[in-house]
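In the two assemblies presented below, subunit A is common to both, partnered first by subunit B and then by subunit C.
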Partner chain A sequence: MTAKDALTERYQDLLSVYLKAKTETTLYKGQQFSRKLLEQQISPEDLVSLHIQVMDELFPDMSEEMRDSFDFLLEAMIGYGFAYREHQSLRDKQQQLESEIEVAASMQQTLLLSDVPDFDELDIGVVSVPAKKMNGDYYNFVKSGSSLSVAVADIIGKGIPAALCMSMIKYAMDSLPEEQMKPHLLLENLNRVVEQNVHSNMFITMFHGVYEPESHKFFYAGAGHEPGFIYNAKEDRFHDLIAKGLVLGVSRTTTYHPYERVIEIGDMVILLSDGVTECRTSKGFIEREEIVSLIRKYMDLPAQQIVQNVFQELDRLQGFELRDDFTLIILKRMV
Partner chain B sequence: MDIQSCVEVRNEWDIVSARQLGRNMAKELGFGNVDQARITTAISELARNIYLYAGRGKICIEPIDQLGRKGLRIVALDNGPGIREIRKVMEDGYTTSGGLGAGLPGVKRLMDEFSIESTVDVGTEISATKWLR
Partner chain C sequence: MNLQINQNQINETHELHLTGEVDAYTAPKLKEVMLPLTEKDGSVVVVDLSGIDYMDSTGLGIFVGALKSSKANNSSLKLRGMTDRVKRIFEITGLTEVMDIESGVKGEAL
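Our next item is the complex of A and B:
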């Protein structure tokens, strides 16, 4: 017995039972049967045809008008069949696209993965979570000589275009000579790359900093990036980590201002993407003070646990629906 | 077998004649009622395309027999403007007439075989086959 014969038989059984007793139970079975039809990709006109076939068997004396009306119904169902098959084919296409994006996303993960380095003086915590499948935020740590450089960047835009752009930034950074690790010079270099290679409607904000353990100095520069915070342990206060500068890619000749600051034991440098400050709760955008108080709440924990706890709380506040890629980095001077 | 019959398509009424021709032949060949409806719908779509975009052309229906495998072939011919981007018109959702799932991809799905050739400013030939199961 073919699958189709089995369906016909089942339909005939259900229909004849229903015609005799007209119970809700049989109707319920009919509804379940329709699920089976969909599973087997039976299109609407096939179902009508099945109905005609069964009615022919159950009522061989059916009036000619009734019989003809079924043929008319069949013809009228063809359009639904059209739409149904298009839906199936679009669904297949969607699945294919999704799996391609999946592959691209995991490729991006591998490409952009930056190991958090072991660095004697600093306790480092990082959390970076994409809102969609692909991450438009980027962070990178590089140990060079005795110093540690850290970069956080955010593409204005989300999803695949942002992710592609991010990959370019990574390679641009990798190919810069190491002696140019001065943050403001690095940004000037990258700015030229972005200006030349990225479409003018796409902008990149970036923060770059280098920590020098000999002087305990943190050198940094910013290109329109969301300001982070500095925690001053002596004063027990958080300050904004302001680094003014134009976003990357606007003008070829942009220059960036060098900043520096001494980091004392217990101080923290907190870097973030605007996905952190643009967390939206039912009360509107979250205030920067709220982020500070969240960090303060967990600040006695190791850096990785601070960032994770802050992320979890903000994620929960937003109903577990990130609107933007979220990156939060904390560097805490230990010794 | 070479008993091709054709219908000239110049106006909307000719679409009906083309359908009729296709249905008669499908019935004769022994296609069931669902396949008859699918074949005539494919004919409608192809004939409508001729009427809407080429102005005039013809629909030919022929029975085919390949080593005992029987079927029906629809050939739609016109000397209209041709299709510049065949790949586009074969994409779902690309439609100029606002049809739901209709258009050429719909026809392709209704039939078993489908081929299209088109040259800009020369015309279009579409051929679609349904095999008897």
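Our next item is the complex of A and C:
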């Protein structure tokens, strides 16, 4: 017996039971049966035709008008049949697109994965979580000689366009010569690349810093990026890590200001994306002071545990529904 | 949340009064109205933001696009009446340095 025959038989059983007893239970069974029909991809007009076939068998003496009315119904169902098949094909296409995005997302992960380097002087913690499948935040660590360079960037917009743009940033950064490891010069170079290559509505915010272990100096510059924080252990206070500068991609001739400061033992450099400060909860936005107090709460832990705990608490405050990509990096000077 | 755009034109000056939120959902609507105005040689586009309580980076991108367009087309773009929250993101991104922004107090009084 084919699947279709089985369906016909089942339909005939249900219908004849219903016509005899007219119980609610059978009606409900009819409703459940319609799921089975969908599973078997039976189209609306197929169902009407099935109904006609069954009625013919149950009532061989059916009046001619009744019989003809079914034929008419069958014709009237054709439009629904088209709609049904279109829905099927859209569903197939959507599944195909989703699996392509999955592939792209995992490619992006592989391409952009930046290992957190082992660095004797610094304890480093990183968390970077996309709101959707693809991450528009970017961070990057590079060990160059004895120094450590760290970048964090946020591409406006989300999803695939942002992710594609970010791949461009990665390759532009990789191809810059090493003597360009001065943050303000690196941003000037990148700005020219971005300005030439992005759509006029797009821009990128970036913070770039280099830690030099000999002098314990942190050199940095910013292109319109959400300010991070510096924790001063001696004062036991957090300060904003201000690095003023225009976002990348607006004006080709932009220059960036070089900043530097000495990092003492126990000090922390905290970098973030605006996903951290743009967290919206039922009570409004998370303020920067709240981020600071969360970091303070966990700051005796290793850096990786601090960032993870802060992320988990913010995620919980937002009802576990991340609206923007989220990146938080902590560098803590140990020795 | 929605974005409402009221338009007013006196000679070459186009005033846009925005109310609501400029985010990824409403940004295309703003772009559709604002960008063509900046493309007219000699036009002055004044955008009043006193009714905007939230703008995200996609919204900011529309203003960046409009700024570039006004430079390319010899028109001008002025913003006024920013609330503190909106002003903050223009300041952080450095756009206050390159855009023509009237002080909030004056804008709000209008």
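The rule is short, and it goes like this: the second predicted complex is superposed on the first by the 335 of 335 C-alpha atoms of A that agree within 3 Å, B and C clash if a C-alpha of one lies under 4 Å from a C-alpha of the other, contacts with A are read in each partner's own complex, and residues count from 1 in each chain.
Methods note: a contact is a pair of C-beta atoms (placed from the backbone, for glycine too) under 8 Å apart; a residue touches a chain by one contact, two chains touch by 3 or more.
As the structure is a prediction and not an experimental result, all values here were calculated from the model.
Once the complexes are laid over each other on subunit A, subunit B and subunit C both fit without any clash. Looking at the shared chain after the overlay, A:L185 reaches neither subunit B nor subunit C.
Contacts of A:G245 after superposition on the shared chain: subunit C is touched, whereas subunit B is not.
Of the two partner chains placed around the shared chain by superposition, subunit C is the only one that A:D154 touches, whereas subunit B remains out of contact. When the two complexes are overlaid on their common chain A, residue A:M202 makes contact with subunit C while staying clear of subunit B.
Counted by residues of subunit A touched, the larger count belongs to C, out of subunit B and subunit C.
Of the two partner chains, subunit C is the only one touched by A:D274; subunit B is not. Between subunit B and subunit C, an angle of 90 degrees opens at the CA centre of subunit A in the superposed model, to the nearest 10.
In the superposed model, A:P227 makes contact with subunit C only, not with subunit B. After superposing the two complexes on chain A, the closest approach between C-alpha atoms of subunit B and subunit C comes to 22 Å. Across the superposed pair, subunit B and subunit C touch subunit A at no common residue. Of all residues in subunit C, those touching subunit A in their complex are 24, 31, 56-58, 60-62, 64-65, 67-69, 92-95, 97-98. Across the complex, subunit B is touched by residues 45-46, 49, 52, 71, 74-75, 78-79, 81-87, 89-90, 93 of subunit A. Subunit B meets subunit A in the complex at residues 32-34, 37-38, 40-41, 92-93, 99-102, 105-106, 109-110. If you check the complex, the residues on subunit A that touch subunit C are 154, 156-158, 199-203, 205, 223-227, 244-247, 249-251, 274, 278.
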